[in-house]
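Pasting in a structure now, in structure tokens, and then I'll have a few things to ask.
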């Protein structure tokens, strides 16, 4: 329906960018905007192009300034989450009913912004999300007390900085796939997230795969992707 | 049923090891043996313990010597794949019917041993597997020609060394989750797999998560885990 | 002609610098100024020295402040490109007719400043340049749709951050040399450009060589150098 | 008593080595021999020198060949542990009664050689040692089931490769200091022990300090040092 | 006594955090707040929760702004040390009598903030602390002149940046355990503390274990932990 | 002409490999075999497939064993260079007349195997090659004495290990593009070629691009590619 | 003479620092102050202490603010060089006559601050200094033209960033020791000076030793140390 | 005198090598052969060429096989040191009288081979050498007891692996330049010598410069170079 303006080449040429109008057909989800480093002019152009096609859009790593600039440019029916740093837009007619379940756990409080990026992304792509924050291994009973709830999820996102042991411990206790997100939380030999990244890649528990440091978006996307495949089948 | 011998503590004490007899209940899959560095005596003890409980078992990173030692120790109803370096045992009564689909792609020929480890693992855990080898980006038409078949899979394993671009390219063309496995194939600045590891972690295509370098097992496990959740729901 | 002021030693002594007045004879191109870290006083002295000799000059990595300072110092017949961060000066009599073709591709929008540095440099050294921006592998049809145009070039510059797979994919599709430029675009495990640098060094496609991270200048120079050798021969 | 032969300079000159005869006075423990890279001739000379002084001696990282060479050289009242790779000698008159308690835990089976080096060292320096092997976080109930016993120790050595999460988890559950030993067990992104080293350095649980990769000796020494200070005070 | 408000689950749920109210029972010391990255609102909530339970609390890595915010929120009976960057609160009734001895040494003047974090932490957990600053190896007589005093300590914290040789040299001269803290003091090839970290991990003197770069807190905690076990036994 | 057997899909399926039969059309050069890690059975199958199509073929990184196996399998009209580790095959009818010029320089004697790989590759793809070995910067007059000859080349390959300064120095003296090849020659802080790799990436002379460590093949290919474009145009 | 106030312990206790008053006797040169990270109060205290003893003093890595603070504190007979970032003080009676010769070369203009730190330091410690700036290998004739002058020096300091080839090239042309200083000048794969550091450590020319990145002070000190030993002997 | 056969170009062409016959004139010392990776045929050719010119020659990193091959080839008047791995040849008429003094210290026994390479090199280039082995900081009194003797040297070579603290400690106690040689002795986080390399580069004591890991040759060369300049002046 909203593909009428799409180039037959499968993308829309904006000069500085080529919007991938074929992505939803090919991948099941539309293109997402990586906000970091975009000028406000570029961001406005992109939102206008998506809106002109009636296509829902999510932008990540957005600053308050970028959100303000969109509103100034009268692109004001957006939702901006300053913690998750996301901006999203849905056509008014859209009525999304999220289903399935994605669980998002963090080791500590400082991991919350990355976790929220994951949560907002998973919700944007149709998942119901439950949050379990500050359940790191320094006090493992906090995780164990929430285990039954976590086990309901079709996919689990484990977000942790410092030593990142959360992913292995969760992985060893559940039967759903765990998407691990190392964060740059920490100092010294955490090396901006290298320590938890390596921890997670070397998880002695199976069923753990890893995305880039601080990549809440990527984890939320993949969790939603898995959840959608499972939940869709359940529902039908 | 085969849990009767299990310790009430959830593990069986062997001195050098504590077999996690609770894992299948907790995680849906039984414990797997990491063969590297195990003495043949240890490996025999482990296989005997699993066999005594009638529990199917998979061992990875096994050498020909280890397989020979098992057979010498009259543990001879094992299946040993020298390319995948796996040894598995199933009780005779078990009749497994694999279902769903996992696709396993490699960039080149040298990635095949890792891919086979993934394939054997996914099959051990109940998935039907299809192989797409040598479809790397140096001749991208080889991938494009197989795309329709790859798209049938519930989960895709992308195995590549050198620059590891395969995962991003596949990820950008499908709607299923891609488990990316960097391999240590290459030389010089591939740094025994660091190059494709970083490539895959930074994938510009969403829906890609990464396991350890050469960790075919981990990818096969997670692909099977996702596949099982989807396929189970489809079947019922 | 404009070598009359040149020291017989082949350089002009400025105290803080020794201008390589022999370079054009030796290398076919005059010296270029690396603007980063130069004081405005030093930059002015250098531009004055070049101008006094009637020799065209290009400065890279220049800030707006440096451009303003040159103009304040009445060196005002310069061309400043704030995106490419270049400042150039040509004697009025010079009438350059660019020929041949250099193609400059980027993976995304954020790579454009580096690409523009390459483009400005290639143009400064006599190449005709065509730009193909945002053709990264997350939507590979955008690259394929432009392939015929890209194949016309004598040399191709591939600029990409994140996983940097663009260079391999382009390299596998063309018969011209590809100069790959990793960019520091990305976060986390892109490690300020190490990820695409390694990707490009390990390209499984032949005909790809790599310059420093964010070194648009170096790529533009080498592309122009190759283009000039080919185009000169074609024209004569 | 056995210091009569000691040089007044506090060391005995052997040409290739200067035995630190002052160490027991200064540090409470005699010098230890690092066997790796020593020729058998050097090792024999060192054992002879210690024996001539009636001073107990421990050598680490010793090969079977080195043990054989000592015996061939009629230094045959030694104790050689091929798993721990230690060789020790005590004067016959010595009657050691170990006291206090050091607990030594491993994540897996492959960590045992390093753990045994720690155990042998702690025992050499007077500690009673209890071993808890294969209690890694993939099946955390195996650790929890042994917690009461571990809590009796004055110092705990946590030995783990791969992701090394054991140290943090143990640290978060006990009130004794934990000496963490990363091991080179693993592959790929464990980078010969860098992954667990970083994990342990970034432990979110307090009371964890780290020694070099595979340095069972160092951990055993420090655990015994702490144990001795506490146990001595208890006993007196 | 002050555990009456504690959740039976062993933690208090604050939404963004789960306070580990079980830690003192389990580990002998209450939970500590890592101030970095906490919003002032979060910090206030945490202090209020601890105060409501009458439980002493220490926060590390706190800024002046955070201290001001606490006071503005009428949490004004706190102690803030701007050099150590710590904020602590004790119930009025508490009367702490520190005992035992922890020695804290630094290589230079610039290491003092990290050393003070260690000192404040060790004092918070009951240790008497003596400081030996600027005793680095460039003028080793400064260390030797203070050796008798240092040897009185039950545990020694060695804080050093640049090449970090202090820990090895101290370790070789004493019979107490040395907790080594590499600092990010230095430039160039100190790589923000990697150089002293590696130095300390490779100490040729035994009895040295290492905590994270700049982790004065961790060293102070562990030194106090060891000191408490020894001193308690002495006193009783 | 020899494309008659080619699959219409542009590749020939061998199971373990998919030969890119479309490459010559697309890229101007046929596919090359990377010998490392191929079993002799695989290598024989590949040579047979190429020979069956009458298509010339080059294999790199081949061992003496691989060459022997080919001859044993009666693929005996091959040319094997044990220094360059290349094996090549040409149909008898082919009569290649190399033209243009590629210059190949090395810093020292130990770089010769990599240089010969480059030379053999460039010759395979039609370039005339001249060798300038052991002209490193420790005795720079050896380079200067050969400069006139080097300047005749259309492309220059600079091969060097240790500090790899050769590429910059050559680059600063010529007007042709320089393809720099770092080698793993050296020890200690050369880190198997990282030192010269970084040197070459940071070349202060323009016109230098870099290929992977020890990648003589890649450099020879690109030099031949550039040479062919220039030489072809000259001839016409 | 000015040692009357010196503690018999060989140092003067300032609380935050212990001034090494024994250093001149022991090492031939007095202590130097590392300005970075010192508070202005600390710096003033140090200068006052040195001045009170009539001992000349050099401080490096000083900011303009630090210099201003000293003057405000009426320590105003100092010499401050804002490029070298040094502050020095000499008693009025001192009349230094520098002798011998140290040559200081840089690859480019941006290396000058580090070179000036070296120059100021060498001069402080009695050497005559000659500067050769911007003689990098991109235009090697600039170095060759100055070679006779450089060869007069007793020690040569080679300062270079980017690829740092200057040290090897100079080293290969002279018979005096070369102290190489890598600088953090550059970008991307220079990794803040790692590239030239590795280059210099791997110099194929003998007679080159290396100090820390940007450590002009260390190079100037060592060059002066060598120069003094040679020049003193010449003079006597 | 022995330069009659020298090419007027300043080097002798051997095909695989260009012997730098100009080096002694230019640098004061003749060319040295790096034995690693040379074939025995190449090594024989080089020794023959030097011998034919009557020029003394030193080869480093030579194996027993290489020494045997030289003798087999009737180049039998060589001196081979299997610990230092050096082979040297002097014309019979030469009568060398070494003078001055170079001190060579090691941290431990395992550093001796590198130290002997330094010693042999320094002796080859005319220095008198004294050895001080096993004086590492774990027992610092062993160093202090030898300090008076070490202080007599014109240059000091400090060889150490593991944490490499020896160089700083020596540097802080003497007034001669210290050439520091990190060795690959150690394990784990010594990273084949990176740990002592960084330690030495960050020495808080001045007057320390560093050569490559295990580069005894480079340190011996530079120490001899400094010694020669000082001793020559003393003698005259």
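Things to note:
Which chain is which? They are A, B, C, D, E, F, G and H, in the order written, and residues in each are numbered from 1.
Going forward, a contact is a pair of C-beta atoms (placed from the backbone, for glycine too) under 8 Å apart; a residue touches a chain by one contact, two chains touch by 3 or more.
Predicted model, so just to flag it, every value in this text is computed and none were measured.
Relative to subunit H, the chain whose mean Cα position lies farthest away is A.
Of all the chains, the one whose CA centre sits at the greatest distance from that of subunit E is F. The chain pair D-H and the chain pair A-D differ in C-beta contact count, and the higher one is A-D.
Subunit G and subunit H touch with mostly matching residues; of the residue numbers seen at this interface, over half occur in both copies. Centroids built from CA atoms put subunit D at 58 Å from subunit C. Spacing of subunit A relative to subunit F, judged by their CA centroids, is 44 angstrom.
Centre-to-centre, using mean CA coordinates, subunit F is 37 Å away from subunit H.
Shared interface positions of subunit E, defined as residues touching 2 or more other chains, are 108, 138-139, 172-173, 188-190, 194, 197, 201-203, 206, 212-213. Pairs of chains meeting the touch criterion are A-B, A-C, A-D, A-E, B-C, B-D, B-F, C-F, C-G, D-E, D-H, E-G, E-H, F-G, F-H, G-H. Within the complex formed with subunit A, the residues of subunit D that make contact are 107-108, 136-140, 162-165, 168-169, 171-173, 186, 188-191, 194-196, 198-206. On subunit A, the positions that touch subunit E within their shared complex are 108-110, 112, 133-135, 138-139, 141-142, 145, 185, 187-190. On the side of subunit F, the complex with subunit C involves touching residues 26-29, 32, 154, 172-177, 179, 197, 201-203, 206-213, 217-219, 221-222, 225-226, 229-230, 233-234. Across the complex, subunit B meets subunit D through its residues 9-11, 15-18, 20, 22-23, 31, 34, 36-38, 42, 182, 184, 192-194, 197, 212-215.
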